[in-house]
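First chain written, first letter: the chains are A, B and C, and each begins at residue 1.
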Amino acid sequence: MAIRSTSTIDAGGPIRRFPLGARALTLALIAAAGVVSARYLGLDLAGLWPRDAGWNLGGDLLGAAVHPAFGYENEVPPGTPAFPWRILGALWRTVLFAAGAMSLALPLGLLLSVLASDRFWQLRRRSGGSPAARIVQVAVRILIALMRSLHELLWAVLFLAALGLNSAAAVVSIAIPFAGTLAKVGSEMIDETSKSPAAALQDSGAGRWAALLVGVLPAALPELLSYAFYRFECAIRSAAVLGFFGYPTIGLYVAQSFENYQLREVWAYLYALIALVVLVEAWSRGVRRRLS
Amino acid sequence: MSAKDVERLRRARERSPFLRWTAAVLAGTALLAWVGGTVDATDLFQSRRADNLVRFLSVDAMPPAVRDAAGAEKLGALWAWARDLVASRYLSAAAATLAVAIVAAILASFAGACLAPLTARSGPGASSRPRRAVSFLARLGCVLCRAVPEYMLAFLLGALLPSAAWACILALAIHNGGILGRLYGETLENADQRAARAWHLAGAGRLVATVGALFPAVLPRFLTYFFYRLETCVRESTVLGMLGFVSLGHWIVQARAAGHYDEMLLAFGMGAIIVLSADLASWIARRAVRDAS
Amino acid sequence: MTICSRKSPAGGIGFELEEVTVAFPGKAALEDVSLTLEPGSTVALIGPSGAGKTTLLRLLAGALEPTGGALRDMGGVTRAQRAAATGFIHQDHALVPVLRVLQNVLAGRLGRYGALRGLRSVYFPSRADVEAVHAALLRVGIGELLYRRTDRLSGGEQQRVAIARALFQEPCLLLCDEPVASLDPARSRDVIQLLIDLAEERGATLVTSVHDERLAGRYFDRVIGLREGRIVLDSSRSESGQHEALTPAALEDLYGIVRGDS
């Protein structure tokens, strides 16, 4: 969309190799950065070769992949829910964490994306423009960058340290960077909408907020909601990983079973997670198709 | 008369039950998350949490050297403390974080470029049955690759491989390779197919035709996606260090385990700085690619 | 709060322009334009592209302020009332693509209703609102499209939605920017006739820019020719119903080789 490819293939024109210009230079720089990085890390191919213990584990892990568990591998204390129920419960809680996070991230991200967009500040106010507008916009953009600058797991660790183990804090820790990302992408989508509907509404006397809510946001919303649904899929993955930090999502059980060397259970959990993500992906595709 | 017409038109209006159900299910799930007891928001506002927070901010997050220093010297002590930590640990850890992300993004991009001709449903002979099967399988592979979170992949690979750095790189490369395979494939689909067809008619094989005729044209788009993924790789790489290799995440885990929350916060700051600079660098690079093409 | 209506046929908004200049950075779009537009009249603006027709329309709509001279309206209304009673049919229709036709038409009254009532009316319209919109759509011949999504309509249908939106504002001033630029001759005549009828039913003032001077001469009370931001032609319909000032020589002068750029 934003990228034109004029220099290489034009309809009917001669086919040229890409010129030794900026693109070749970019490729060379990337390759050089890769070599320097690999040297810095001391990477060698031997590191890709498992040692004896690794081979044993690898063999067991691969073997378990073919025979995932359908019940607990070891004795469990009485009162433990049946294995399939534990899987479903863990998946359900993973989805709940993700949905809770998105229920915060979507409204917050939407608000911030409006405040960060150029289009909103271009809408005329009855009282005329104010110099504070630009300051607010820049401040919101900095806020968005800061929200995005920490990975959701780091937010989670921060809240763990500051507040202790708390499920709401875990949900908030996913919501913060996700709201930032939604706001960043959303403000770009808002700025890509046509100017004229809102301008026409304002010409007929509509105020700034009315012009925003009728003339601007509806045009950006389908694309933004498709993107938000994709982010929901990402939130499910993040919620799954939160289990590694003690929250009752599916990651918790993956980690526990792995520590106990119950590899067939590990695979059962992993397959369940994969199935969930594939399902959500298919759902997401359906939503995207209908929204666009 | 008019009211009847309006009612008839309203009944016949275009609706999407699928989207309505989606909205209802998602809203219901979000509501259940908050009221069903899984996510306990009230617990967040109990005095115990407030006490934790106060202690964290006033005691835990305060470097001892700063607390002990007198009035005006506090700032100097803070600076000396931060400088020593950054110089001795965090700078090299940040470099390792970046290096892992760069190698992983390059591998992911390479894997994605290899997968793209397979996932794309275009090009010479695209409508044949075996070709469609290949495309379906490749797409499924891409979805599977990105279904497992990087962190879990790295966790499993870390147990398998002797090199923790490789485990993280592979985890990132597999996940992002799946994403790029799909995105690159869509780029190929949207590219002008005439050149590839011309090559194919002139006797080039399907692969040669795709690579030779299309890749130069789609390179800018590929590069743009590469830089986007590099951003996410840097972000992920800061946390993958928690699983072993000496990156920022490693020091975060160490500081947390030792209860040195002051050091942990400094590592967070360092992580934020490299993520922000990676975003900035990627933005500059994407603009350069766009302007050059 | 209807300012003009069928009951007072001359209740449309009129204008007096006194040596009005509108200058954009580096270029004057209108220069020293003096003009009186009678309430309830129908006026066509003709002239080569870049002559300042759209600028004049935007000026009358209140979207632009004159940088020199004076613009007075003869409605005796406040600025906000004038904005709410000005229906502007844009060349690109300026409709929100995702919304239904109903909502796009309802949006025409956001200015009159104010934010809260306007928003409620767009997203949760009352039965009376819906029927009023349906009536406006029937008037422009697309009653069946009431609940359709606007971006699924053809260009001609979208234009009629834009006209219906302007009509729903109960305008005293109808402004149209090139309403027939992309239509074939038969449809062009239909649309112009529709606009004239709507304006006359309401007693509203109609100002339209058109490319085709024959359409202008045939349908409008007054034809004003603009060139390089100045009025070079001003013809009113005579007693016999003819535009005697629209001579081939005058038109040649209007469309003759434009000096300078464009």
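Keep in mind that, in the parts below, a contact is a pair of C-beta atoms (placed from the backbone, for glycine too) under 8 Å apart; a residue touches a chain by one contact, two chains touch by 3 or more.
Predicted model only: the values in this text are computed from it and were never measured.
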Most centrally placed chain, judged by C-alpha centres: A
Two chains joined by the most C-beta pairs in contact, as defined above: A-B
Of all other chains, the one whose Cα centre sits farthest from subunit B: C
Euclidean distance of C-alpha centroids - subunit B vs subunit C, Å: 51
Chain centre separation (subunit A, subunit B; CA means) in Å: 7
Gap in Å, rounded to a whole number, between the CA centres of subunit C and subunit A: 47
For the subunit C and subunit B complex, residues of the former touching the latter: 100, 127, 130-131, 134-135, 138, 143-144, 146-149
Subunit B residues within the subunit A interface of the complex: 16, 18-19, 22, 26, 29-34, 36, 38-41, 43-44, 48-49, 52-53, 56-57, 60, 95-96, 98-100, 102-103, 106, 143-144, 146-149, 151-152, 155-156, 159-163, 165-166, 169-170, 191-192, 194-195, 198-199, 213, 216-221, 223-224, 226, 235-236, 238-239, 242, 252, 256, 261, 264-265, 268, 271-273, 275-276, 279, 285, 288-293
Subunit A to subunit B touching residues, read off their complex: 2-9, 11, 15-18, 21-23, 26-27, 30-31, 33-34, 36-38, 40-43, 46-51, 54, 57-58, 61, 93, 95-97, 99-100, 102-103, 145-146, 148-151, 153-154, 157-158, 161-164, 166-171, 232, 237-238, 240-241, 244, 248, 251, 254-255, 258, 266, 270, 273-274, 277-278, 281, 283, 286-287, 290-291
Residues of subunit C touching subunit A in the complex: 61-63, 80, 83-84, 86-88, 90, 92, 94-99, 103, 107-108, 110-112, 114-115, 118-119, 122, 169
Subunit C-touching residues of subunit B, taken from the complex the two chains share: 2-3, 5-6, 9-10, 12-14
